[in-house]
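Quick one: the structure is below, and I'll ask about it shortly.
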Amino acid sequence: MTTLDTLLLFSLLTVLVSGLGVRLKMIGWVSAIMFAAQFVALLFMGGLGYGGSAIESSVSLTILNQPLSWRFDSLSWFFALITIGSALASSIFAAGIWAKKFHKHDGKPGLLQFAIALNVFTMLLLLASGDLLSLFVGWELVSWASLLLMVMAGGSSSQWGLRYIVYATAGAMAVLAGIGLIYHLTGSFSYADLANTAATFSSTNIVILSLLFIAGFGVKMGLLPFHLWQAGAYAEAPGPGSAFLGAISSRMGLYAMLVVVIQLIGLARLIAIEIPFSFLSLRDMLMWVAAFTIIFPTFTALRQNDARHLLAWHGIGQGGYMMMGILVLNPLGSAGGLLHVFNYASNQAALFLAISAVVYRTHTADLNRLGGLVTRMPLTFVVLLVGIIGLAGIPPMNGFVSKWLIYRSLIVEGMPLLFVATVIGTLGTILSVYKLIHNTFLGQLRLEHEHIREVPWSMLAPMLVLASVVFMTGFMPGLVLDWVVSAQAALGIPQLAHTLGGVESATGNLDMIWITLVLFGGFGVGALLFYSGNKAKRVHQLDNYAGGHFLTADDRYHYSNNFYAGLMHHIGSWYRGTFKWLESSIISIVSLLSGSTQRLFHSFHPALFLLIAATLSLYFFVG
Amino acid sequence: MNNIAFNVALPLLTAFLLPIISSGSKSATRFVGPFVLLAMLWFALAYFNVLQHPVAIALGGFLPPLGISFHLDNLSLLMAALIPLMMLLLWPYNNREGFREESLLLLLAGAASGLALSGDLFNIYVFYELLSVASFGLAAANRTAAAFAATFRYVIISGLGTVLALTGIALIYTQTGTLNLAHIGLLASQLNNPVGLSAFALIVIGIGVKAEIFPVNGWVPEVYSTASPRISALLAGLISKLAVLVIIRLLVVAYQGSQALTLLLVLGMLGIIWGELSAWHSKDLKRMFSFSSIGQLGMVLVAFSIPGDAGMAAGIAMMLHHLVVKPGMFLLTENWNGPIKKLKGAATSSPLAAFLFMLFALSMIGVPPLPGFWAKLLLVTGLVEANAPLYIIALVVLLTATVIEAHYLMSTALKIFSRGKKKHFKKLLQTPFNLTIATIFGAVLLAALFTLTPLGNKLNQIATESSDRSLYIKTTLSLKLPPQVKQQVSKVQ
Amino acid sequence: MRNISALVFASGLAFLLLVITWQFILGGAPMLIGEAILQQAAEELGAANLVTSVVLGYRGIDTLGEIAILFTASTATSLVLSSIAEKTSAKSKPGLRDDGTILASSASLFFPLLMTIGLYIILHGHLTPGGGFQGGVILAAAFFLPLLAVPGRGVNHSGLALVEGFAGASFIVIGIIALFQGKAFLQPLFGHGEMGSLLSAGSLPLLYIAVGLKVGAELSGLLANLAEPSGNGDETLSATESASTEQTSMQAEKTKS
Amino acid sequence: MTTNLIHWLLYGGAMGLIVIGIVGVVTLTNIFRIILALVIAEAGANLLLVIAGYRFDAIAPILTGQALSAMPTTQIMVDPVPQAMVLTSIVIGVGVQALALALVLKVYKNYQTLDLREIHHRMLADIDHSSGVISLLSEEQPKGERPLPEPETKNVLNSGGEK
Amino acid sequence: MIWVIALMVFIMLVGAVTVLLVDSHVSAIAASSAVSLALSVIFVILQAPDVAMTEAVVGSGLSSVILALALFRLNRNKAKMEQSDA
């Protein structure tokens, strides 16, 4: 009974309890408490966060002569921390008042808790996997568990869920093929054999394997050709659910890719492989894929008019940053990539929770029908502000640290084009998050929202906690960098020399404590000037004038519709169109084929096929 | 002590006497059938326990190859035990229409047991014919116009199939001068030529009509959508497997060359493609399931076309999995037979059925840790191990087919689980009888999930045993060798 | 289009089959078990007709399966043909009535003749060519001619069912008796007797009688099912089936009288 | 020479019957006639079996006269096994044929036609109707003057043609 | 003997083709029974008296009778239908 067993047992218990008590009123709080218990159990394994050695699970199976084992190392611990943390936050958020209203609009809060618990359990199983077989098992379980969370809202979400599960199954099949190939090459499913013999694989096998695995895992990360499912599937889930999904779900793909491609096969092999008729290596190609994954979805997010969709599209883009950073494979880059997982998760959870708080009050996430809520929901506004600053990667929030590391590593490695690409991506992020906060909290208050109030504490608490996490880890990134570095050690890649304030190395220095203090000093000066002046007159929010005319609340001067029209006009929408076109063409091909195949079964004389088959097979043997 | 012959004799005897019994007392007709099936089950299981190594039984006391012999190994006994089990589950307990369907079912049981046990080519043909005729009667038992028409087309195509099979048998007899499978195995060298192989091809195509092999399965969607779900479940779940079993015996005993395997592989791949694509397009559950069962049997065929134990293990695993899953699915189509669009809200009207559907669907797609996944894993590893271009193509086909399968099954499942109108709920209610049986199948599936390790070991044992050619030959021919066979044995060994 | 492709493939099939069979030598087939059986059959079974000893001895279970198939076919046929909805058609008996007289007389002439021939063939099945099937068919013809002659009167289905059931059962029971004597299933019983005489070859004649009766009964039932308007086809069911069919057969009775 | 000719004749005849039967089953559209073609194909297969057991200047496998006493007989005989098999398969053929004919009768009763194409169209239409989906072939009207049957319940269908 | 075989095979094949091509069902039935008669003669030549007998009795006798009966009933149904139509 190791600590890992305890953790998995707690997680399983959570699933069972929340599953059995789906209909109970109190189930929300119960499962929240049990998530907290899981969190504590995870902290007992905290040694992993500081370079502890891997913890084996005492449970192991042998099925069809194939051993299945589970273990936890620093990398798994790092991801598990994020998983359970975001699960805890969303569970608390969903446990209280929110559940009542959700229940009133015939949703099933108990089912939501159950789905989150199930996802957590399966993710822990995946993170704990000790060989390729258990990895695949965990992978499939995660895919199908998240389907439950996606479609439980009903309505249009089921279509997104269907799309997701088809993509996911395709990815899983690619992974299965890859695993099968490895089994053929090494004769077993164990990590050790793969790590030992990977050096002997022929480069064609390496290409096939890495393409299969990166395609398979990339589907879940929403890498570029496979990204169409993600935004809708995450956004249409019930509020806290989408917070959880957006925070961690698609990172499982990153974890699996880290384990298989980086840890076991080794990135060096990928770098060694040149793609014919190009000056790129396989690794560079993947980095470019990551770059486009950053740019396109980010600018797609710019065009969304639904807050949840906007955030979800960002999730895809930020995943590109992480993959980019890890593929750079110097201490800075990989640390930046891993750190960004944590930072982005905290940002995204905070943002989604804030948005669902807004939805909870206003019943809409349509950016064209919101605005001016800053005075009505100030704390939510603060959380959202912190979140978008972090998301856009602006100091002093934590997003800045990880992005800085990634930029820095790109410059150090001498990859200017990719650097430019990432910067463009960041630009898009800033623009779109500004659209988000402007259309929701700033500008003109709509008349129907005049009397709404701040959301209750049960919902505010997790939001505020997350916001403070965002700030604190931005203020003292060393806290997280410890874990990141031990994760790097677990991956067996060079580690980053870091301090509490940030990075202290030959390739670049960063001390967030100083930066933050300077910034706040600046803010302090500004505030001093502001308050030393004579008092500003407070007016009612709806008391507005333009050119001497009184503006009634129902004439719209708040510019929200068709935001960034000019920019949109310039970039257009050709890229997203192409992917949609690809997808639909594949579907239509399948339907064409299946129609014709069914025609064969409708032919009115099956005996003819018997005759043909007999003749052909005889010809095959005799002729 | 060779009372395994009872497994063939008893059901036939009862079927012969059933008209008289029924004219005597109606109630007797109800329980005599299940009683006989229980007895068959008992005999089979009794053997299953005592069996250490394969045994052969000379019927009529005439030594094989002169007489007909039953070959008892784990595989055939497993089938012989599964037959009465499935029959008991799918027995028409609530049938009010006289004795005919019952006696047909009993005849089906006897024929199936004979098919599973027999070790003689022509005897297999006879039992196959008995199986066919009984299944014709059952397919038409629904007595609708469409059922009659579909059954007629079924009769015609499978009649042609039996003609081809008989021709193949004649070729084999002309080539080897014997009918006993083990003896044929001794003379397998004489069959590794165009004549022998084309005999194999003819038999495969002929028997393949029941095995739903690709080009000769035009009857499948029609019959399954006109017959009653119980019968469809029986045909798709049990009967097709027995036909496959015959092909496997021939393959193991006589045709271990790569050409025969290639034929099976190609047919299986075509079956997968055709079945899954057609299922993707179908608009009602019955036909969706019949097409998907075509695809599944294609997968079984592909599995068996892998040389060696690996293929045998994968094939048996796929076979057993399909044997459990498909009948359960067909039983659900009794009241969910409308177009899939109309299934909205089915989950709220009968949640258990919806849960079962989800379970079966996931297991069919091969979602771990459900048994279907392990069967598919065996298949995938076997295909990769076989390591020939054609097998890699088969792997690609298999994986693609899985994606398609996932798409249509999940779109149906989402329809079932989505909210629907209250007024349809009555129509979507499942009958308790079917629901109970389907629940039993689901329970079996879950039980298999929790006993995977022992099952896997048993499976490997069965596979190694039943893919061992010389063992089969020794078992049958070492009873007491007639002189003219003896020197052939010595020649081979 | 379909026909053309069918012809093309069929000619291909024919060509291939001929190519295959051309590799055979007529009369040169190995026939291993054939030889062995020709050597041993007489001692083992003591039947003069070796085909019979193969049919009932070496391959007895094939024969069991065969009569089972006939039984299945007739059951399935009556299942298909018996439809509850055809009450009226029992009364209407068009056709064949006018020229009934000739047939009737010939039938009454042929009936005993055919009976004797059939029984003879069955009883000598183990000595001379012919046996259960051939004799059974002739018996069926004997029973069937009167039906043709006087379409009104149906065959006594329940009686046929009785014969059929007990004949088939006795075949199996003989096999099972062997089982209980410690022999194998369907192993011939009794001594061989002196070869060539009527009472030889152990239990084979009994088996052949069973086969003959069963085949005869089944075939005549089958013929009757096909010949009669299928309303009467339900008379087999009259004990078991619903009241409606009861009255069907009642009507049939009325029409007969 | 003569043996070659006989070889050709016999095997040619057997294969000819099989192929002609198959062609008939595939090309004919009258279901009654299709059954006849099936019977012919079976006859071909039987002939093939009997040929397999044939040997030149051998006698039938029946012991008569002095052969009864002198066993094993010096006189060579043809193979009895294929003959037994053929006996079986002939009777099987008859059973199947009877069943098929019964089905033909019922089909004719319900659809009032023997044309396989129309029967097939009607059947598909029935299946589609009973499962409530729009037929794939809905654009092609069935041949023959009778329109598709009205939606009927099972019992009505049983009563077949007569209303 | 060879000529007998040739003749019988000829009759068989011609009869088989006739079954496929001829218009009236009755003559088709007759052709099929001719086929099995020729077949039984061939069986006799092939030293298979049992099979020949069976083929003669079953093939050309019984199955023709069955077919004829079925045909008779088909025609009667047709007649009945025409009555009901009229």
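Remarks
For reference, chains read A, B, C, D and E in written order, and residue numbers begin at 1 within each chain.
Definition applied: contacts are C-beta pairs under 8 Å (C-beta built on N, C-alpha and C of every residue); 3 or more make two chains touch, one makes a residue touch a chain.
Values in this document were obtained by computation on a predicted structure and should not be read as measured data.
Common neighbours of chain A and chain E under the contact rule above are C, D. Among the remaining chains, the Cα-based centre furthest from that of chain B is the centre of A.
Relative to the centroid of all protein Cα atoms, the closest per-chain Cα centroid is that of B.
The distance from the centre of chain C to the centre of chain E, with each centre set as the mean of the Cα atoms, comes to 19 Å.
Chain E has its Cα centroid 37 Å from the Cα centroid of chain B.
Centre to centre, using the average C-alpha position, chain B and chain C are separated by 30 Å. Rounded to a whole number, the gap between the C-alpha centres of chain A and chain B is 46 angstrom. Each of residues 49-50, 54, 58, 62, 66, 70, 73, 80 in chain E touches at least two other chains. Counting partner chains per residue, chain B shows two or more touched chains at residues 122, 126, 129, 133, 136-137, 140, 143, 148, 153, 156, 160, 167, 173-174, 179, 194, 198. For chain D, the set of residues touching two or more other chains reads 6, 10, 12, 16, 18, 21-23, 25-27, 35, 46, 51-54, 60-62, 77, 81-83, 85, 87-88, 90-92, 94-96, 98-99, 101-106, 120, 124, 158, 160, 162. Interchain contacts (touch definition given at top) occur between A-B, A-C, A-D, B-C, B-D, C-D, C-E, D-E.
Considering their complex, residues 16-17, 20, 23-24, 29-37, 40, 44, 57-62, 64-66, 68-69, 71-73, 75-76, 78-80, 83, 158, 161-162, 164-166, 168-169, 172-173, 175-176, 178-179, 183-188, 236-237, 239-241 of chain C touch chain B. Residues of chain D touching chain C in their complex: 3, 6-7, 10-12, 14-16, 18-19, 22-23, 26-27, 51-56, 60-64, 68, 71-72, 77, 79-85, 87-88, 90-92, 94-96, 98-99, 101-103, 105-106, 155, 158-160, 162.
The part of chain D that touches chain A in the complex is made up of residues 22, 25-26, 116-117, 120-121, 124, 136-137.
For chain A in complex with chain D, the touching residues are 595, 598-599, 602, 604-605, 607-608, 611.
Contact residues on chain A toward chain C in their complex (touch as defined above): 605, 608, 611-612, 614-615, 618-619, 622-623.
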